[in-house]
Amino acid sequence: MVTAAELLSMAAFFEDKHAQAFPSFGSERMGAPVVSYCRIDDSEIRLREPINSPDALIIQDPTLLLSVDVFHGLERDGFILINSQRSFEELGIAEFVAKFPFGHVCNVGATDLALKHVGRPLPNAALLGGFAAISDEIRLASVEKAIHQKFSGEIGQANVAAAREAFESLKAA
Amino acid sequence: MSGLQQIEGSLAVAQAIALCRPEVVCAYPITPQTHIVEGVCALVRTGKLKNCEFINVESEFAALSVAIGASAAGARAYTATASQGILHMAEAIYNAGGLGLPIVMTVGNRAIGAPINIWNDHMDSMAVKDAGWIQLFAETNQEAVDLHIQAFRLAEELSCPVMVCMDGFILTHAYERVDIPTQAQVDAFLPPYEPVQVLDPAEPYSIGAMVGPDAYTEVRYLAHEKQLQALRLIPEIGRVFEGVFGRTSCGLVYSYRTEGADVVAVALGSVNGTIKEVVDAMRADGAAVGSVSVTSFRPFPLEELRVALGDAKHVVVIEKNLAPGLGGMVASDIRMALRDTPIQIYTVIAGLGGRPITMAALQEVLAGAGDGKLPDMQFLDLDHGIVEHEIIRSHRVRRSGPTAENILRNPAATIAQAEN
Amino acid sequence: MAQDSALQRVKFYQTGTHTVGNRLMDEEARSVQASMERSNAITSGHRACQGCGEALGARYALDVAMRATGGQLVAVNATGCLEVFTTPYPETSWQIPWLHSLFGNAPAVATGVAAAMRRKGRNIKVVAQGGDGGTTDIGFGCLSGMFERNDDVLYICYDNEAYMNTGVQRSSATPATARTATTPTVGGAPGNVFGTGKNLPLIAMAHNIPYVATATVAGLHDLEAKVNKAIDMAGARYLHILVPCPLGWGSAPCDTIHIARLAVESGFFPVFEAEHGRVTAAHKIRRQLPVSDYLRPQRRFAHLFRKGTEDSEGVATLQRMADANIERFNLLGERKSP
């Protein structure tokens, strides 16, 4: 998830916003549950504490719904984007998400989109494309620019395609 | 490469180092500095940093030793470390400090074991605070970039090593907006290294020989005097920096809304950002609070702090270090600065081993200071229940096992076990 | 600083009878030490003990290196006897640029010096020096690192087989049975233990570095030749010189060279050269002497022969070690020159 927060911060940067992205545990290994944070603001961000009351939550690994209190502190009118094609009932959170404003909680099969376009199960780009669709925080064009900065050539194109498809599918829904 | 970028702190620092044209960079990996040296390595390999040798060494002790040899032979030398690495190279740190070699080193501040911990606090820098190095603490990644550039000039003008401290993970691994200067700007600010002492067959002399009781004190006095010189030089260099780069990112201390403040918080490094948010929030509620960030911890700016804190009634020192049994190291130095004043000074041990320091907790502490309710020394956000149970448990049985491994186990169960 | 005193020329009496005697040899065959023009890298006035093997070896090694490099040389020195006796504050006997590192990092510091010289475009060679303690013990990690990177440094180990500067304590180079302050000749097993041994020249060879050689102060021409060869090579080079210590070994100061010769001729200290991990030459023994001939003149081995504490088995084991060296390095074959 570290790359997604960083990508989001870069997208915000391209919109002339200030952004701060950082990991919570920061271990260099893969495979441990990781939370990463991104703050976005119009002026300099001085606060350094972990985000306790997020305005938006992107859940890359839905199996964590069972073991970690991922929704802790989430604002009442916050946004949730879950990397899954299962319904909220199937995920066991239908009652919880019903409390949120319409359109604020969405799911998108980002891993599948990544496999389709990039050939690897790394859903970050698609998740950000989806996030651009459901919230006004970031534009798709900025997400694409960030992707191109981080991933060169064909890989960048492929990730952008995944982001676009996620964006389109959520805009349509 | 230059200009405004959204970039990981470590990589911003790597670029800053490269702009300073180091000639010898030696590295041994340790979390959280790895991305910095990897970044510099990539710049050397791709030819963006020219005339620089990047040497992979077998230990931190070797890393600083290579830098010492390189610096003594007239090359601009750089390395980076943290935590256990600082301790492993401690002998060399004192050696470089004593010899006055202008090495620049990044410290990605990290806690020291035992217990082993990869997250941020200041114990590593504190362990070598009196080795004769200059220690500068960055509040943001922009400041980290700017302090590194100033560090080379400061080190070489003074002939004294400089460590630039930046909070591990909080700064090193954070992506934020940083303005990377141009090569032309850095070249205008930082001339080529002109050594005070150098190994040169044309003018041979011996460096590093033993000094006896008849002269040792004088040599050490001169090291002390060098720190005092640095107190004058740091602001001077900061002014030159401002002229070339157009921003203030330097100096000894920085005051924030201290005018008329009864309660002033003091801290080193990134927590100052959070503290400023707290100051603004409390000021909005009518409280008279302010903060002072200490950029130069060594030399410790006694006079400047006395002036910056002189009008406060309560000074709350937020410390990311611990002198077990005593309190905090920064507060001790602050007390020396404020020794002839009636100001109340409080130590708040916070953020050890990477524990987040929250606005809420800080606000409570500063409010408490204003009400005169703070103890002299406290640990922020300490789980009293856990420690009390552990104290009881370990008193009840001799073989109570390692503290760290036992501390989070169910206290009731372990006590019951001990009683059987 | 240099402007205070011009470099000191060699005084005639300094060269001594051994080198003055070289009058019988062709000039080119004479040792560098015999020359009045030698650089005198370590000038007289240092505080080494009478008969110090290390002072002798270092003087020979450095003046050769200076000649071979045209004076373009820097020396890095680990803490130890050589560093201490050459720099009795506020004097120094070094007439070349010299840096005292720390005890355990001379190889790494030398690496840094060499890197700096390259960056500066200066063709200046670097010699790192340490005793056995600084080399085989505390400096071992840094030395191995230097070898592994093939850094452009000639490392010279002056092996007097104990921590002499601090009062004769045992190091990993101390031979079995030897008396030191931390392996005293009291109790059931007097003297140093029979361990597995730590053969630095072989360890250096295992790193496949360009050049490894052993030498002693009994073969001063040989020592000069090896330094002369090594200093011009590139990459990591290691020279291990046996330097008897009259104080620590309990031998007569006038016997230093003689005892080194006994070490060689008994096979106890094999003299050889190796390149990239393979032995390329070995000094043949003229006539193998029993190892007890080597041990007897040294009081650190006296307990092996003293009535009441004789240790014929210990001596026999030492003899087997010498024999093993002779076999391993083929030290008893045909000599190619007198």
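A few remarks follow.
All chains are identified by letter, namely A, B and C, in their written order; residue positions are counted from 1 within each chain.
Operating definition for what follows: a contact is a pair of C-beta atoms (placed from the backbone, for glycine too) under 8 Å apart; a residue touches a chain by one contact, two chains touch by 3 or more.
Predicted, not measured: the structure shown is a model, and the values here were computed from it.
Within the contact network of the assembly, the step distance from chain A to chain C comes to 2. The most centrally placed chain, judged by C-alpha centroids, is B. Across A-B and B-C, the chain pair carrying more C-beta contacts is B-C. A straight line joining the Cα centres of chain A and chain C is 66 Å long. Rounded to whole angstrom, the centroid-to-centroid distance between chain A and chain B, based on C-alpha atoms, equals 34 Å. With centres taken as mean Cα positions, chain C sits 44 Å from chain B. The touching residues of chain B, counted against chain A in their complex, run 5-6, 8, 31-32, 34, 118-119, 169-170, 173-177, 270-271, 273-274, 276-277, 356-359.
Residues 23-24, 26, 51-53, 55-59, 61-62, 65-75, 77, 91-92, 95, 199-201, 203-212, 215 of chain B are the ones that touch chain C when the two sit in their complex. Only residues 1-2, 7, 71-74, 76, 83-84, 87, 89-90, 92, 94-102, 104-105, 108-120, 124, 141-142, 144-145, 148-149 of chain C touch chain B when the two sit together in their complex.
On chain A, the positions that touch chain B within their shared complex are 5-6, 9-10, 12-14, 18-23, 26-28, 45-50, 52.
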